[in-house]
Amino acid sequence: MQHYPKHYCGVFGIFGHPNAAQLTYYGLYALQHRGQESAGIVTSDNGHFNEYKGMGLVSQIFKGEALSELTGNMAIGHTRYSTTGSSHIRNAQPLTGNCRLGRIAIAHNGNLTNAAQVRDELEAQGLMFQTTVDSEIVLNLLAQPTLGGHDNNLIETVRRIEGAYSLCILTERELIGVRDPHGFRPLSIGKVDGAYVLASETCAFDLIHAEFIRDVEPGEIVVIDKNGLRSIKAFPEHQRRAFCIFEYVYFARPDSTIADRNVYKVRVEMGRELAREHPVKADLVIPVPDSGNCAALGYSLESGIPFEMAFVRNHYVGRSFLQPSQLIRDFDVRVKLNLIGNLVKGKRVIVVDDSIVRGTTSKSRVNNLKEAGAKEVHVMVSCPPHMNPCVYGIDFPDRSKLMAANHSLEEIRQYLNADSLHYLSQDGMVKATGLPKSNFCMACYDGNYPVKYDSMVDKHIMERRVGK
Amino acid sequence: MQHYPKHYCGVFGIFGHPNAAQLTYYGLYALQHRGQESAGIVTSDNGHFNEYKGMGLVSQIFKGEALSELTGNMAIGHTRYSTTGSSHIRNAQPLTGNCRLGRIAIAHNGNLTNAAQVRDELEAQGLMFQTTVDSEIVLNLLAQPTLGGHDNNLIETVRRIEGAYSLCILTERELIGVRDPHGFRPLSIGKVDGAYVLASETCAFDLIHAEFIRDVEPGEIVVIDKNGLRSIKAFPEHQRRAFCIFEYVYFARPDSTIADRNVYKVRVEMGRELAREHPVKADLVIPVPDSGNCAALGYSLESGIPFEMAFVRNHYVGRSFLQPSQLIRDFDVRVKLNLIGNLVKGKRVIVVDDSIVRGTTSKSRVNNLKEAGAKEVHVMVSCPPHMNPCVYGIDFPDRSKLMAANHSLEEIRQYLNADSLHYLSQDGMVKATGLPKSNFCMACYDGNYPVKYDSMVDKHIMERRVGK
Amino acid sequence: MQHYPKHYCGVFGIFGHPNAAQLTYYGLYALQHRGQESAGIVTSDNGHFNEYKGMGLVSQIFKGEALSELTGNMAIGHTRYSTTGSSHIRNAQPLTGNCRLGRIAIAHNGNLTNAAQVRDELEAQGLMFQTTVDSEIVLNLLAQPTLGGHDNNLIETVRRIEGAYSLCILTERELIGVRDPHGFRPLSIGKVDGAYVLASETCAFDLIHAEFIRDVEPGEIVVIDKNGLRSIKAFPEHQRRAFCIFEYVYFARPDSTIADRNVYKVRVEMGRELAREHPVKADLVIPVPDSGNCAALGYSLESGIPFEMAFVRNHYVGRSFLQPSQLIRDFDVRVKLNLIGNLVKGKRVIVVDDSIVRGTTSKSRVNNLKEAGAKEVHVMVSCPPHMNPCVYGIDFPDRSKLMAANHSLEEIRQYLNADSLHYLSQDGMVKATGLPKSNFCMACYDGNYPVKYDSMVDKHIMERRVGK
Amino acid sequence: MQHYPKHYCGVFGIFGHPNAAQLTYYGLYALQHRGQESAGIVTSDNGHFNEYKGMGLVSQIFKGEALSELTGNMAIGHTRYSTTGSSHIRNAQPLTGNCRLGRIAIAHNGNLTNAAQVRDELEAQGLMFQTTVDSEIVLNLLAQPTLGGHDNNLIETVRRIEGAYSLCILTERELIGVRDPHGFRPLSIGKVDGAYVLASETCAFDLIHAEFIRDVEPGEIVVIDKNGLRSIKAFPEHQRRAFCIFEYVYFARPDSTIADRNVYKVRVEMGRELAREHPVKADLVIPVPDSGNCAALGYSLESGIPFEMAFVRNHYVGRSFLQPSQLIRDFDVRVKLNLIGNLVKGKRVIVVDDSIVRGTTSKSRVNNLKEAGAKEVHVMVSCPPHMNPCVYGIDFPDRSKLMAANHSLEEIRQYLNADSLHYLSQDGMVKATGLPKSNFCMACYDGNYPVKYDSMVDKHIMERRVGK
């Protein structure tokens, strides 16, 4: 049923709170949309580490006694959809280990682009890898003896890895937050009851009544210990920023704020831009819920065309496994959203969604509207066409399956059987954020990859090496 | 977290389809909102009955092999939240039995008002009851030897019971649909691939591509067998109709159509009525999703005040058990809906929901808005105040806990800390449906109970008798 | 792997003990060998009944909180392998119901021979049956209005049913024990901490430190209430006794005592008789554990030939499901018992088991001994050949699959590839018990059925009727 | 209920068989007594490793699809009770990793005595440990770059570790078996369908119809690949042998053969020795099943006093968790073995068990016999008193809790309330094996530890270091 770029990972960390594990649990709960495959929490209790990991949703994993055994006032947590390393409990994060520095744990959001190479080097030295997660490389780098002290160790580690990474690291005495120099993935700092918290998105702060302090800066390492928060700039020379613009378009929760911009507002603005770029005469604007809601509202507000929630989202979809039915045509599409047919009968309809990746789902929606008697169906997409795969942690299909990479606008419109089809322009998208274009990664739209990558790198690369 | 009248039951039936069990499964899936406690399916395969029941959600119960063993081309299904008989698998429906007529199964939506009395009579005759569900009484009545034939048997049964009931009955050769003479609960007839289907709501037809035919009439018995559908009027003299108006306000899915009215449209209209009855100057109209969505949209359309979805509904609430946190203030309220604070900061806000039952949740929402900096908060409710309990199958709290039954409008406003508080009038509510007032039960609003009831009747009455 | 007449049921009851449920649990645990398919406990707490039933072993079912919710100082319990009514939780016992007498529950060991007929009569009266267990008939008979008082009701009920039954019945105020007039199945009375207990076998008393009082007599009803124990003779005229002799041979636990005879001792005596009837020259006597242990020991003691436990029973067989392996020849046989080959190499071996039903297992054992180098293998069986099916609650195969019913002694010996084959005689078997032959049912050996039966009666008869 | 030295580990390996995983499964099933806490299997399929591990019994873990996904014709398996590293799935074996040699997996039976020291050295080099199992050290040593080739690598690894270890190692191309130079733990070589198998005990060969070839020699490394089996002597100079004599006394299965001695026969001989050393006048010899069976039989045969199985072992103990009952005195003891009281009433009884560790269980047994009316109770133990803890993989209690380490023979007799108490002598025990004393470790009896050990070493040592 997932027609979509899969979510990847959410990370959370807290230092100096008597209920560290419980708050981490709620933090992960709020970050659940960033990964539904597995989750885990590690706490540090006076140097003793406790951990609990499982497959499934956060609320399924941490039931019964699990949380109460996670004692200690420091914790990190992780929720994961695999982008590197396949689906297995052994690959669930946080990863933990014991090394010359004592106990250490790591939670990682993003995707390293030089994982294979660094791993080969470490293995040649006699190191052993027990998982196929790229984060294990970071763990082993941290364990390497280094010239200089603790900070040097951290700096040497992050300077040796490339790609996208927002990290929460737990040692016996500290909580450490790291963001790669491009700042691909978000990572924010908050405070609750005097304790520092780190989270992938600010919506995690709301649930636990934590106050938002600031974002971790691209290239910044923040070390939080009993003396407070200390900042290390690991890449002082690095200029280029490359925040993933797709977080604004789709991934992040609308109630999060990133780089001072509320996601909901950015999306409404994208809808307004769309209305400005592509005015169309119609009777109704309807969203494809939930990802299309904000942009549709923006389109409606800007155009004055009434907003109707004609697609009703089933409350129970996804609550547990529902097998696709061979028996029922378009089952996957209908089971999630049911159309109220007589709202659209005889109407000219604008339908708004955030993106079209493979196209099959959109085609079914248009078909659904036409069968219900819609006179015209105009498809509006609140970002530009996806032309390229993402190598920084988002699981798009191969280029060969990306609709827009292989077909003209007109071909796609015909395939969808829509009366018209419009995408927001690259400039419109950027403009809606209110930030300069240079702040963003937009590689999946414009092919301009901020960090070079080995074209062989893909989700299963670590496993494949195994059989070499 | 459930602040609300609990859903009760959904029923489904199908006759003469090779995939009877599977379609019943999807039908129940679409009716899941009518009961999340237990569910079951019974099929009839040339006189052999197969059944499967379980606790939990439909999609959790029917996984693995369960469905494939439910062979046969006739089936009924049930999804349940208990209103009579407590929570236990033995009380899950459909109930089945073997009697002089052969095998028989029953699925029941509603609440009998003379259950205790009829049961006493039957026990005195030497009958034995194995569950505490009032539906078992119907099953036993059907088994009683009667003068006259099969139809008389059905008629005598329904004439002996009182209250609210929409039934699907399966025998070795027939599917039977029954609706009480007041028509408290909905029941519709559809057709798919030439086979008849019955369902509590039409949204179940949409998912399986069934065509809607008509509603079962109040007091009608429809007998479906290999010769087609035959209608019996069991109460030809009965006039009074009493469809539960609260189905339109809240219970039914917005994408269902009842008595020719689409629920979504009725709700939007209630919002418009509310705007007409209670115009207020404000900057934003925001719904309490999802039950407040339609009325808020109606209010916005009628008043011209912009609509903003400032409360964001968490996609994962309810997917599995999440314990209320003592640690976090207002946790239950916040975990379900997160407020995007900076949308409301400094604004005059109208917040629309379908009803206020106990008041605690609404109070937290207003508080949430005020803490985020809303200048004014006006609470709008899309139905009149609930003054009385329901005895026809809806699980409201006792009168003693119904806010409006014990406090004046002004007291409630103060309790909520709202700047103003407005309810839709009884007439406004009825008007929005476009149907005459005489069609409806409105007892929980106006105290006018269409069927008299024993004031001792309540959810656990059958169990309590046990200990007598 | 089960080559054998399956166990059927164990019953337990207790009146007037603060830990009624817990002691019932331990009682059932000790009776586990009488049924491993499902189990249940019902308690009565001042007229309120609590029940818990499940599929599987007693210790798997009653874990976690299950027991602590079974409050009350009266209880009955049941452990079951199905002989009437198929395998399903709805058929698990005790069965409970509510009737004019209030709450009632029943646990039944045995098999009624006129179930179908009585059920037809009751259905014609308008009764409804929800299970396919013959015990539901007893429950419904008890609910029938009767001339005369409570005792008449019990007496009329037991006089209407025929066959084998040992019952524990729980009402709101009493515990009732019943044994059919032939006394097919055992039922004993004990006392612990001043409270009466009933159990299928005395081994259940040992575990809970209860003192054995006496057996319930054939045809006796014992009513235990706050005034103590009262005995009703329901069949004063009935003379014929028919205790199942196979309980001594195989079914009962060796540590139980029935009719004043310890089962272990009876079995040792059967082995001695076997040695007297069939002396053979050999080097070793080895049992097929565990059912062959006692008789083998008796044979060894009587003959002076050394006893060796050359078959080692795997401690883990049966602890959870182990699929028969296609891969490994004789897997089912080997996985349960492993032969210590070099104990038997070059030796003349006497191997003793309790019975040969289908013969395949015995054939594998002989083969196993020969492959390991045994010079001679003499098979000794500690009861006579099984010639007829049992209709009183033991699940033998059909006559067509009973080895001895279809083949001569010599044919069986050849089939087994044994050097000699000997069965204990009918007289020898009876003599070993020290009781007169007239006390016993021996129908499966001698075809002399104490209660006539409908030849159609079999395990699934109740289900089959369903489809008529 | 476990009054006893806990079992530790069983290992199994197979090379070149199309059903490698399935045979490993059956092999582990036969070795279940060597560890019931967790189990796992790893297969190698043309360089691709598949693994599956779980908590619980082998037959619980490998159900459903688990086995069929373990493709490949080479496999190792492990079943474990933790002696180093605590109870957690992450500590389950086999452990696997990826290193410069490719994929590698290890299964380990025994206990390293220099684990902490080697681990410290490796950590100082920059290695990271993810479990608290000492086997991870072996895995990492194998990954270290070494001068010389593959064999040197193996030899350097085993020469760096000390203590007790029988290992099965799987690489992408080989199965390797290793036994420590003292040969503390057993490891045998077999062959089935032309494929080599390794197993802790020969009983694993019987189940899969494998033929026993020979034991792996102490200090030997056997490398099995497509060219057959190659032997490396890693400790050519090492002389001292130290096979754990307690394997004969209690641990190993009676149907196994170790060093050419069948365990059952050795135990019967121990019983005979006991009868020679300690003749006592009595009426009956009864074993404490099952560990006392063989020695009791030996005592009976030698003394001519009749053997009676008066303690009946419950077939269901241990099939699932049964909580100790506070309610029932001696519950733990009674639930496992029930005494047939009237066998011992008025009799002088000799009761034989393999060992007395803490004494509480034995005390209850004697009490049980006395309460049943035994005139005299003579306790016979088929090995000498345990005076010292084991550091080679057996989980005895601390010396402070070892009965014999703290009390005289007479004190123990009085504590047990026995009429006499006798242990087999050290010489008698050795004599019963038919092997020279110098072949054995007997440290727990005589304090003579063949390998020195750090007195801090104990089960949780690896975890404790964590918090340093």
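By letter and in written order, the chains are A, B, C and D; residue numbering begins at 1 in each of them.
Operating definition for what follows: a contact is a pair of C-beta atoms (placed from the backbone, for glycine too) under 8 Å apart; a residue touches a chain by one contact, two chains touch by 3 or more.
Since the structure is predicted, the reported quantities are computational estimates derived from the model, not experimental observations.
More inter-chain C-beta contacts link the pair C-D than the other of C-D and B-C. At the far end from chain A, in terms of centres built from Cα atoms, lies C.
A straight line joining the Cα centres of chain B and chain C is 49 Å long.
Note on chain placement: the centre of chain C and the centre of chain D lie 37 Å apart, centres being C-alpha means. Among the residues of chain C, none is in touch with two or more other chains.
Interchain contacts close the chains into one ring where each touches exactly two others, per the touch definition above. Shown are all chain pairs that touch, namely A-B, A-D, B-C, C-D.
The part of chain A that touches chain D in the complex is made up of residues 46-49, 89, 95-100, 102-103, 123-130, 139-140, 143-145, 465-468. For chain C in complex with chain D, the residues that touch the partner chain are 19, 22-23, 26, 29-30, 32-33, 57-60, 63, 203, 206-209, 253-255, 257, 262, 264-265, 290, 293-294, 297, 301, 306-309, 312-316, 318-323, 325, 327-329, 331, 334-335, 338-340, 342-343.
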